[in-house]
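Several structures are given next for inspection.
Below, chain A partners chain B and then partners chain C, in two separate complexes.
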Partner chain A sequence: MEEIAYSVHPIIVTLVGALLGAGYFAFLRWQTQVGSVNISLLIGAISGALGATLLTAPLGYCMFQADQKSEDILVGWIAVALGLLLTLNIFSNLLWRYFRGQRLLPRGDTTPGAFRGRFGLLYALAVLSPTILVLIYFVYLPMFDTLRFSTFLARFGAPRTRFICVSNFSRMLSDVDYHSNLFLSFALSFGIILIAMSLALLIASMLNQPIRGANLYRTLLIWPYAISPIVAGSIFGLLLGTESGIVNRVLDLLFGTKVPWLVSIPAAQISVVLASVWNVIGFNILFYTAGLQTIPKDLLESASIDGASAWQRFARITFPLLSPFTFFLIVTNTIYAFFDTFGLIFVLTRGGPTESTFTAMYRVYVTGILASDIGKSTAQSLILFLIVVGITIVQFRVGQRRVQYGNY
Partner chain B sequence: MIGRFALKLLILVIALGALVPALAQDVIELEAWVAFSDHRYDWAVDTAERFNALQDDIHVDMVSVVDYDTIVNNYTLGREDGNYPEIVQLFDAALQFAVDSNWFSFAEEIIGGREEVLGHPVNFDDIIPVISNYYTVDGVWASVAWNTSTPIMYYNVDMLEQAGISELPQTWADVLDACAALQSLVDDGTISACASWPFSGWFIEQWLAQQNEYMVNNENGRAGRATEFNLDTDAYRAIAQFYRDLYSNGYFIFEGQDQWGPPTQNFISGKVAILMSSSAAARAVSEGAAETGFSLDTTGMVYNQDAPSGWVGNILGGATMWISNGLTPEAEDAAMAFLLFFSNTENSASWHTASGYVPVRNSSIELLQNLEPGNELLWDIPSGARVDIEADDWYAAFPNFLTASTQLGNSTVNNATRGSTYGTFQQSRPYYNGLVEDYMLNGGDLDAMIEDTNATLTELLQEYNFLFADE
Partner chain C sequence: MTESASSRFVFDPSAGKHRPLWRRLIPQRWYAHLILITAVVIITFPMFYALLISTQSNPEVYNHKFTPGTMFFENLHTVMVQRNMGRFMLNSFIIALSIAVGKTIMSVLAGLGLVYFRYPGKWIVFGFVIITLIMPGDVLLIALYRRVVSFDAWPHPYVALTLPLLASATGVFIFRQHFMTMPPDLSEAAQLDGASPLQFLFRVLIPLSWNTIGALMVIMFLFGWNQFLWPLILLRDQDLQVVQWGMQSLTQNLEVGDNFGPMMMGVIITSLPPMIVFLILQRQFMKGFALTRDK
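== the complex of A and B ==
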């Protein structure tokens, strides 16, 4: 068998993983002062080695081979880090549960109606199986394909594919255009989430007042969410055209001026944000309206008897009590802003002018669907996936401290 | 009792219903996807129904898909899961991909030297040579020509006259001069700007051809498989500069990349005096101009007066009809028969009046020049039916419909004007069009931009070739 030359040998990669794992577990042992030191070190080393090989071994450690570029090696180490994040978290969690004498798996819900008895689990699985099968076929298997394709040069209709290791990823490291796409995704998403949520809260608070026809307003305000982003884009396209758009027609009549909404910077970016806000705001209003109705009236009343101003009641009572809703909406709005706005952008600006509205997800669509270049686009979509998972984890970590769930 | 009787009846109906497809198995069902959704789709549906009425055993069903790009994407994805039509309309940019994918049976191979298919004459020599040339792959006629267009200029003659312009612009310099003259109308608020047209990569391809320049190497991919991009040319730089001159002087209303609706609307509503668009818009623009109440005139696509080659010719645009492979011989013949009917002399002439697409047959042009009462060739948009053209000579009555044919007829056929063919055509368009957009809006170091984009596009092309080209 031919000897493969490595710039970083797989054994070294595995050892680095094992060392980091053992170190992390030693730190945890020192921090918690629970359990055996030796077992901690052993399990830590094993899970570290596992983490280091999790994403690299299936690719044959190709990114560490001698003929790879330095960017590929960097991607290799990132893969090691991701693998470690995953395994170290899982194993440390399990091990310390064991040390503390807890069940390894969290105990299930034991409220009446839960599946119990000898065939309980079996029965539960049988009931769940249609859903699980659908998820496996339509979500998990395609996801596995996505992982696989991201290491290939591949196009629809091509008679062959070519394994290119992590080139699709390392190319993105040095692609300045892609970096600006990513930055733009963050910037536009931030704008969309900020405006869509604060405006929704304002409108929902107004809707919560006892006004005539509140139900009608509620229905009308939720409506835009029922419209797909593509259609929302078409509507705003008719509104915002430079010469033939309705908005500019009005501006021209009133002020004698026209704004090139879709073909200048930053007007095009603002247009995309506003159109997306309009599209998603109904969803936010729906949840905030529901949330406002759960806030006990007596709490607000007693506060107002105690002399709290309207603003103080909102800031000290209403807003904190709405935090579970706010938290949920931040997560869903992030997902909307990152993943669902590409259809709207396609219709409204095609990513222009000069790529100023070319978000990372729009790049995935253009590369994968318009150009059939599926290797690159699956790699791009995985990056986006990791980013959104990362954001969500951060939100959960921050959220758990700030969000107040509870029985009032 | 009645309940039981109803149940029996229901079972009987279901049983009979199950029998119907079995009995009707002899009918060959064909699905055809076309990238139209306006009156041009209505025409296609009507013509398919005319074909269906000719026999009982073939039935063609027209399906509307939103645009050219989407039709390629949908077909490509459809091939992955087995859900695709027997006949599909593919545009010029998909030519190489259609050949490389091996998803289609070539028309000439289906015909196999026959003079007619199921009673529909082939008469291939009747197709206008520039059209058959474009869609001939390695000497074989691959797909059936149907909608063929070329860019032309549309002028609001009233505005030009008001600005003291008596001759229609023919060159880029003429356009810039006319725009300078029209500035007085902009200043007094009569119009918003001089010109507006769709910012499409198609025009860049056309302007390269006019200047006898190739988009990709190996003579536009016509002498051999293209392997490198060829953007680093004076011809491409000149195009970018022309747009820059137009835009920076405030002559041009830019409505975004590949937006076709707004610029056309700007012209029809009288906000600009000059529109460049496909000849396929001739019908819509003529009717719009008549409605707004201005006189319309057309010329061929303006050209670079400084190009060393002068005007060489234009590429034809549009799309052709492809037949999916793997059909039974009977279904293949049925599809072929339909496409021969779809593009026969009368239908090709009627299609021309419905849209402005060039008639693909010489006999159609002759027919339109020697009309007789009861011809039933004109597509009436409101009623969705064919009515008589009330004239002896269509082109004498509607000269704007002749401009496209004249332009293609005057074109020298060489590998520049046959247009480029390479696998990443669709993928590359936004790049070379985007570069010109960037330079038009922001200026900058054109040479550096070209070097960068050329390298990117060459790399994509070579990746494509690696996956598709014969080893």
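== the complex of A and C ==
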């Protein structure tokens, strides 16, 4: 058998992972001062080695072979880093639970009202099976396919596929168009979160006041939640049309200018943000209203008696206690900006002018469906997946800490 | 608690009677009303304007007339008959209803299986379901599409369209939480009476869960009605397309703009069903999420 030449040998990759893992666990041990040093180092090294091989070994360490370009090696190290992030977090969590004497696994469920009888497991399997089967076949297997195809040269309609290692990813590193698509997605989320969430919080705070007609106001304010992005895009296409649009009509009367909203940069991007904000604000108001009702009135009253001003009550009590809702909304708004704006952009600007309103999801559609490139589009989908996972983890971690802060 | 402190938080209609006339004319917390009315005007205006345009002809649109036009029935005819929106609405209604009903039934059953039985590894099953929350359908779009079209024995394209969407981590989570808040005495009593788990589900759990079911049905119906990208790539036959697809077909040549009346008529009829569902089930929806002010 021919010896494969590596520019970075798999053993070195594994050792680097083990060293980093041991270092991280040593740091945790020093920080917490709980548990045995030797066991920390050992488990740290093992989980580090596991993390370094997790994403690279299934591909045969192909990105570290001698004939690969430097971008592929970089992608290889990114894969090592992602694997490490996953395994080090899981194992450190488990190990320190063990050190603290906590349960490693969730408690075997002891529901008080559970049905007794011999066929409990069978019965449970029967009622759970529709959900589980659909999830396996239409979520887990496509997820696996997405991972697999992202390392392939594959096209719709072409029966032959070829393994091309991480080329689909390494080409992204120099794909300037894709960078601007990703940037637009992030900028869009930022704009939506900033505008739609702060306005929604203001409106929800007003709705939460003891005023007449609050229920009517609420109904009139949250209904855009029911409107589809396609419809939102269509309406804003009418409002923002250069000649036909009512917005330009008003601008013309007031200032004597017309803005080519949908056909110039950056006006087109701003138009997309405006339409998206209108589309999601009802949802945000809905959840902020729900959140404000969870805040105990007596807490605000006693703060009021102690002489706290309205702003102080908001900044010191209401806003911190709302943080679980805020983080939830950040996640849902980001997911809206990344994925659901597709339909809105599809009718409002068609991605134009000159691809300036192509979001990363729009790019997946263009690459995968219009250009039939399965490999490249699944690689782009995986980037989106990583972003969703990243945001969810950040939300979960920060959210947990802040909830504990407000837990009384 | 002092009287003045509590009155800041409790609305008391009789309080106004001892006030001077100008205080009675200007509502309490006028700033809240001002902000809310501004918000209502801004948020409602686009839809109101769409309704107005849906009755107008193109010259009327370009002249920015703020009166209802004369083309209401013509536009309605153009959209429903010529542009086939009636058919698309029926298609979307079938799809959205199947998704809403299917997702709810599957979620209720899964919730039952996750709460009312005792077996090892239950948390693994729950984790298996809940972790799919981080895998949005759009991320899986290409692979799912490939998987669905590679199977050619689908009885109907709509089965291929709806089946992958039927499992719902959100729904399972909501029903699991809901069932866990039910008093255990309920199922103890049901077991004493010799009820099977499914009898318990239909006779006890479901009658106690209508608000949750209603809330979930609203979300799922909207989710199904607003489907666009998945039908766009999956359905080859244009007559089977969904209402959102029909809506986007009305917006072709947006900047040229020779069809604003029919386009806004499309907006109105595409938005009516979800808004009606939302308004009718609003009470369930709010209660399902514990959003009513007086709880």
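Going forward, the second predicted complex is superposed on the first by the 311 of 408 C-alpha atoms of A that agree within 3 Å, B and C clash if a C-alpha of one lies under 4 Å from a C-alpha of the other, contacts with A are read in each partner's own complex, and residues count from 1 in each chain.
We adopt the following convention: contacts are C-beta pairs under 8 Å (C-beta built on N, C-alpha and C of every residue); 3 or more make two chains touch, one makes a residue touch a chain.
Predicted model only: the values in this text are computed from it and were never measured.
Touch criterion met: A:158 reaches chain B, while chain C stays clear of it.
By the touch criterion stated above, A:371 is placed in contact with chain B alone, chain C being left untouched. Contacts of A:290 after superposition on the shared chain: chain C is touched, whereas chain B is not.
Contacts of A:86 after superposition on the shared chain: neither chain B nor chain C is touched. When the two complexes are overlaid on their common chain A, residue A:263 makes contact with chain B and with chain C alike.
After overlaying the two complexes on the shared chain, residue contacts for A:308 are found with neither chain B nor chain C.
Of the two partner chains placed by the overlay, only chain C lies in contact with A:121; chain B stays clear of it. More residues of chain A lie in contact with C than with the other chain of the pair chain B and chain C. When both complexes are overlaid on chain A, the residue A:241 reaches chain B and chain C alike. Residues common to the contacts of chain A with chain B and with chain C across the two structures: 156, 241-244, 262-263, 369. Considering their complex, residues 153-162, 241-245, 260, 262-263, 349-350, 352-355, 366, 369-373 of chain A touch chain B. Those residues of chain C that touch chain A in the shared complex are 1-2, 5-6, 8-11, 27-29, 31-33, 35-36, 39-40, 43-44, 46-47, 49-50, 53, 61-62, 64, 106-107, 109-110, 112-120, 122-123, 125, 128-129, 132-136, 138-147, 163-168, 172, 180, 182-188, 191, 197, 200, 222, 225-226, 228-229, 233, 244, 247-248, 250-251, 254-255, 257, 260, 263-264, 266-267, 270-271, 274-275, 277-279, 282, 289-291, 293, 295.
For chain B in complex with chain A, the residues that touch the partner chain are 69, 73, 76-77, 79-80, 97, 100-103, 192, 196, 253-259, 262, 265-266, 269, 271-272, 424, 426-427, 430, 434, 437-438, 441-442, 460, 463-464, 466-468. If you check the complex, the residues on chain A that touch chain C are 105-106, 108-116, 120-121, 123-128, 130-132, 134-135, 137-143, 145-146, 149, 156, 199, 202-203, 206-207, 209-212, 214-215, 217, 219-221, 223-231, 233-239, 241-244, 246, 249, 262-263, 278, 281-282, 286, 289-290, 293, 297, 300-301, 304-305, 335, 338-339, 342-343, 346-348, 361, 364-365, 368-369, 374, 377-378, 381-382, 384-385, 388-389, 392.
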